[in-house]
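Following this line, the structures themselves.
Below, chain A partners chain B and then partners chain C, in two separate complexes.
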Partner chain A sequence: MKVRAQMSMLFHMDKCIGCHTCSVACKNLWTDRDGAEYMWWNNVETRPGTGYPTGWEDQDHYKGGWKRDNKGRLKLTLHSKGGGVAKAFYNPSLPELEDYYDPFTFRYGDLFGAPQGKHQPTAIPVSKITGKPMEINTGPNWDDDLGGSDIFAANDLSMNGVDESVRAQMEEIERVVFNYLPRICNHCLNPACVAACPSGAIYKRGEDGVVLVNEDKCRGWRMCVSGCPYKKVYYNWDSGKSEKCILCFPRMETGQAPACAHSCVGRIRYMGVMLYDADQIEAVGSLPDDELLDAQLNMILDPNDPEVIAAARLAGIDDDWLDAARRSPVYRFVKEWGMAFPLHPEFRTEAMMFYVPPLSPVMSVIEDDLIKLDLPDERQDFELLEELEKARLPLEYLANLFTIGDVEPIKRVLRTMLAVRTFKRRQSVDGTLDDATLEMLADLDLTPFKAEQIYRLTTTPTMDDRFVFPPYHREMSLEELGDPIKAKGGMGFGYRRGPERGA
Partner chain B sequence: MSSAKRHGKARQGRRGLHLVLVALAATIAALVAASSTRADAQDPSGADLYAQNCAGCHQAGGVGIEGTFPPLASNPAVADPAYVGGVITNGKSGPLEVLGVQYDSVMAPVAGLSADQVEAISEYVSGLAGGDETTTSTTVATEAPTGGDADRGRDLFIGAKRTSEGTSACASCHTAGDIGNLGGSSLGPDLTDVYAKLGGEAGLSAWLTNPPAPTMTPIFGDHPLTEAEIADLVAYLAEAPNDDEPSDQIDWLLLIGFIGAVVLFAGMAVAWRGMRRTYVETLRSAR
Partner chain C sequence: MSGNDLLFAVVPYVVLALAIIVTIVRFRQAQFTVSSLSSQLLESKKLYWGSISFHWGLSLVLVGHLLALLVPSGFELWNGAPLRLYLLEFTGVALGLWAAAGLIVLVIRRSTEPRVRRVTTPMDTVVMAIIGVQIFTGLWTAIAHRWGSFWGTEVMVPYVRSLLRFSPEPGFIDPLPFMVKVHVLAFFAFLAVFPFTRLVHIITLPLQYLTRPWQKVVSVRDEPPAEYVTRDKNARGVS
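For the complex of A and B:
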């Protein structure tokens, strides 16, 4: 057992309202620069949709992530070693700017400088890259802007396996369903971007598992861009280097939550330390699809287990971190309550950001014209549990996103969330717990105490409940490298220095 | 700082410089002495140098090859060492009559010889001028290796076959008749009519045995061609001028290149169809 620590984020999708505050906070902090206009290290996708960049989940086209070959070995989808050399100067699997979007602004001066005339002046859209007038036909969240267009939303790969009649209904006007999928870099345990980089410029740092690009070593081959199945490494056309989400490590090192999590209006984001067994990375990655999800979740170790604690100390993880791991809200959602899954585990990069799948209103789709659910009011709570197949957001769809097509784990999570709701309603509205409610909890392996805990961490968590950061002890590493007094009065970041250019 | 002090310091510096200069001079003198004694000890005699640098054409004992390489033995013109030295360092060309025979060929300057060595050779050669036992040897010298295979020679010439010593192919510097403009190089002279110029088989073989041209000596000096290779090359070069039709290889190359390009682009159009199509374009066109 080789214990390592990972800073993980959890997205409670049931709480996400799709306001994009996280994206804007991230953009203002990190990507408001030349060459980075089109990058959204954090983005929120309106689903169903093809996301950003368009169709990023289609690995037949983009060739991201890992695949299991015939002999059960783990291989990069992008290329073999020889193939990588052959395609060094020509990589057809790269997303192009049109697949992201041409970043635009408006010529606001037109509004003020237009001569007097019959019509109201308009601000012409101009490209932020070329500065020339352009026609806007894609954007960073076009599915939302177009309300689920028949080009984009209809091509959502995660809709595969959803019944045709359900799909037809979902595309009808006034019955369109949305949910929101916030995405950042998954800071994977087995990152394909790291494996694909010919310059060895990308690395997963030891203390907290943040995956970073060394801007001085990056030579702009862009293999990471196609290697990452989540398309979360971006090429900066101005510096000629790749850039990606850094999980706001300068903020975490000073005890602050990353900008996206900190600014989250719906408070859907949780962060905490996860301990995992690094010895299992390759073995888990090469398992067949149906064993992959469980095995990946099993890599995460129990921070209360004395054996794990001993092994962690041996691996140089200090007690502050172990303590933080024991208090981690992400650990509770993922392991204690089994309510969260990584996004697309079939990409085999062992993503370490987790998602609680969202509930949605139930509606019957069996009868063509029926929109409302025809259920007796007094039994509705319990009926809902059994009618999950009729949820407006199809179970198969969520299963394609999080559990490699297996609906059972999704059902269990949705039932748990419904059961907690029912339990709290009985408790606070009726004032008593009837036997049926207790039985329902017991069926889902919940006790009233556990249900109460889930309720509290879901609905009324404080900042300290949501974000549990261990002390990074940067002052210690600083002392090892030099005299910390020299940094006194500085801003802590040193001087800004442009990256070296050229191959 | 006072001027006296500065002066004193400068004088001190100058004295230092003197010491250095003296030491340097002594070192140089010692080195020169050492090198000259070493040179004396190792310098081969004029006869050895002649064998290395001249005997390839002018033959052992300076008998020459009649009609191609003028004899040196019994040749009154070479009695003057200064004349011989001049020819060695500057080369000689143009019509020449020696002992009643007409010669018209080119002798390139002999490269890589020091002034001392030129002098030694000149002394040796001028000693041959009055020689008496040599007049009959010419017939021996014309007995060059025969029976070479022109095809093998061509392979050697264009580099399809390596020489036994691994020297570069003739075509890396020269061209000859049927090699055409594409095959040969224009760095060295065109060898199309070298067979005739050097007086046929005997002359050419002699030349190739120990090529005296300044650029060839360093290459073939330590890595000579074998007799069989020389025979093959001679056989080939003897035929080369016969093939004096203009080369049509360039036309062929153009044609092959054009057809190749068409095939390549057609293949790319088929195999790479939609290779750079963006995902968005795919979605739009599928609609």
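For the complex of A and C:
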């Protein structure tokens, strides 16, 4: 057992309101520069939809992630090592700017500088690349809230396997449904971007698992952009370097939540330490599809297990981190309650950002049907548990996103969430718990105590409940390695020159 | 010292020293500026037709030149039969034409695509001009002053070797036709601009990728930022 620590984020999709505050906070902090305008380290997609960049999940086209070959070995989908070097002159799997969008701004000066006239002046759009006037045909979130659209929703790959009749219904205006999928870099355990990088510029930080690009070593071969199945590495066309989400490590090192999580209006994001067994990375990645999800979740170790604690100390993880791992809200959702999954585990990168699938759309369709139910009043709430197949957002769709097509784990999570709701309604509206409710909880392995815990962490968590950061002890690592006086007066960052484009 | 001596006995050392020293300084002080500066994201169709042929054509021709320098006797043996000489020369010209075609596409792309123009620097124009002259004079030599792989082993190889032995003998170059001289001078120009342009990306060809493990995990305990590491062996905690 080789224990490593990972800072993980959890997205409670049931709470996401799609306001894009996270994306804007991230953009203002990190990517408001030449060459980075089109980068959305954090973005929020309307699902069903084609996402950003368009159709990023189509690995037949983009060749991202890993695959299991006929002999059961793990192979990078993009290239062999030799192929990676040979394709240095032209990368056939690189998305084009059109797959993102031509970044634009408006000539606001035209509004102020226009001569007196009969008509209101307008600010014309100009390309942020060429500076020339342009017609805006697409942009980030071009399909925002376009559930049911025949261009975007209909082309969502995760709709494959959803029954034709259900798909047809979803395009009817009264049945249109969508939810929001916030995405950042998944800071994977087996990152394909790291494996694809010919220069060896991308690496995973040992202490917290953040995947970073060493901008000095990056030579702009762009293989990481293709290799990442989530398309979360971006090529800066101005500096000629690749850039990606850094999980706001300078903020985490000072005990602050990443900008996206900190600014989240719906408070859907949770962060905490996860311990995992690094020895299993390759073996788990090579498993057949049906064993992949469980095995990946099993790699995450129990921070209360004495054996794990001993192995973690041996690996140099200090007690502050172990303590943080025991208090991690992400660990609770993912492991203790089994309510969250990684996005697209079939990409085999062992993503470490987790999602609680959304419930809300299930209620609305069932509520219509409730009128017709031949059930006594006290049983009607439980009917929802059994009628999940009728969910407005098909279970198969969520299963394609999170559980490699297996609807059972999705059902279990949605039922757990419904059970917690019913439990709290009985408790706070009726004032009593009936046997049927207790039975329902027991069926889902829930006790009233556990249901209360889930309820509290879901609905009323404080900032400290949502974000549990261990101290990074940067000051100590510096002292151990060298002369701290040398760092005096420095900013802590390595660069003493601006990141200008080379000649 | 004649002009010929200056150009072919002094200049090569100046440009070589420049290329080596400035490249080292650039890697140490401003490695951020070292990149292939790819513009594929901005335009990819023309790049496909230009970049592949340009890079492969030039690389293979370069390998041919280096082989001649390393094993001239092998070339002499190979060229012993006329048919093999024709085959080698024909291959060389074909590769040169391939590279030239690629360069033409790339020049058209740089001048007509507005997005690519946005990321084109004056130094890029200089680089394209030098390589353009290099390819043109190379092809001219191959066609007008035929069988270079044959006479080259007697003239060019001894000259370059004399440079590498630090006893330059520019006399080898003196009687050569003008275009051949330009071809040699264009290479010196190439070396001179090498460290100041995107050409430095040539030496970053990632061959180490072939042998490294797929994954890379770095802990701050393994690799502190260079500026924090003291060279003083007596300082605490540094081994």
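In the analysis below, the second predicted complex is superposed on the first by the 441 of 503 C-alpha atoms of A that agree within 3 Å, B and C clash if a C-alpha of one lies under 4 Å from a C-alpha of the other, contacts with A are read in each partner's own complex, and residues count from 1 in each chain.
Heads up, the rule we're going with is that a residue touches a chain if its C-beta (ideal position, glycine included) is under 8 Å from a C-beta of that chain, and two chains touch if they have at least 3 such contacts.
Model, not experiment: these values are computed from the prediction.
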State whether chain B and chain C clash or fit side by side on chain A once the two structures are superposed.
clash
Touching A:G200, do we find chain B (first), chain C (second), both, or neither?
second
For chain A, which side has the bigger count of touched residues, chain B or chain C?
C
Touching A:T138 in the superposition: chain B (first), chain C (second), both, neither?
first
May I ask you to decide whether A:K390 touches chain B, chain C, both, or neither, giving the answer as first, second, both or neither?
neither
Check whether A:E96 is in contact with chain B, with chain C, with both or with neither, and answer first, second, both or neither.
both
With both complexes overlaid on chain A, does A:T54 touch chain B (first), chain C (second), both or neither?
first
Tell me the contact category for A:N155 with respect to chain B and chain C: first, second, both or neither.
first
For chain B, sort through 135-143, 153-161 or 261-269 and name the stretch that clashes with chain C after the overlay.
153-161
Looking at chain A, which of its residues have contacts with both chain B and chain C?
92, 95-96
Residue set of chain A touching chain C in the complex reads 4, 76, 81-82, 84-85, 88-92, 94-97, 127, 129-132, 190-191, 194-195, 197-200, 202-207, 215-222, 235, 237-241, 278, 281, 316, 474, 477-483, 486-487, 490, 494-495, 497, 499-503
Chain A-touching residues of chain B, taken from the complex the two chains share:
275-276, 278-284, 287
Of chain C, residues touching chain A in the complex
30-42, 44, 47-48, 51-52, 54-56, 114-115, 117-119, 121, 123-124, 196-198, 200-201, 204-210, 212, 214-222, 224-230, 232, 235-238
List the residues on chain A that touch chain B in their complex, please.
50, 53-55, 58, 61-62, 92, 95-96, 98-99, 138, 150-152, 155
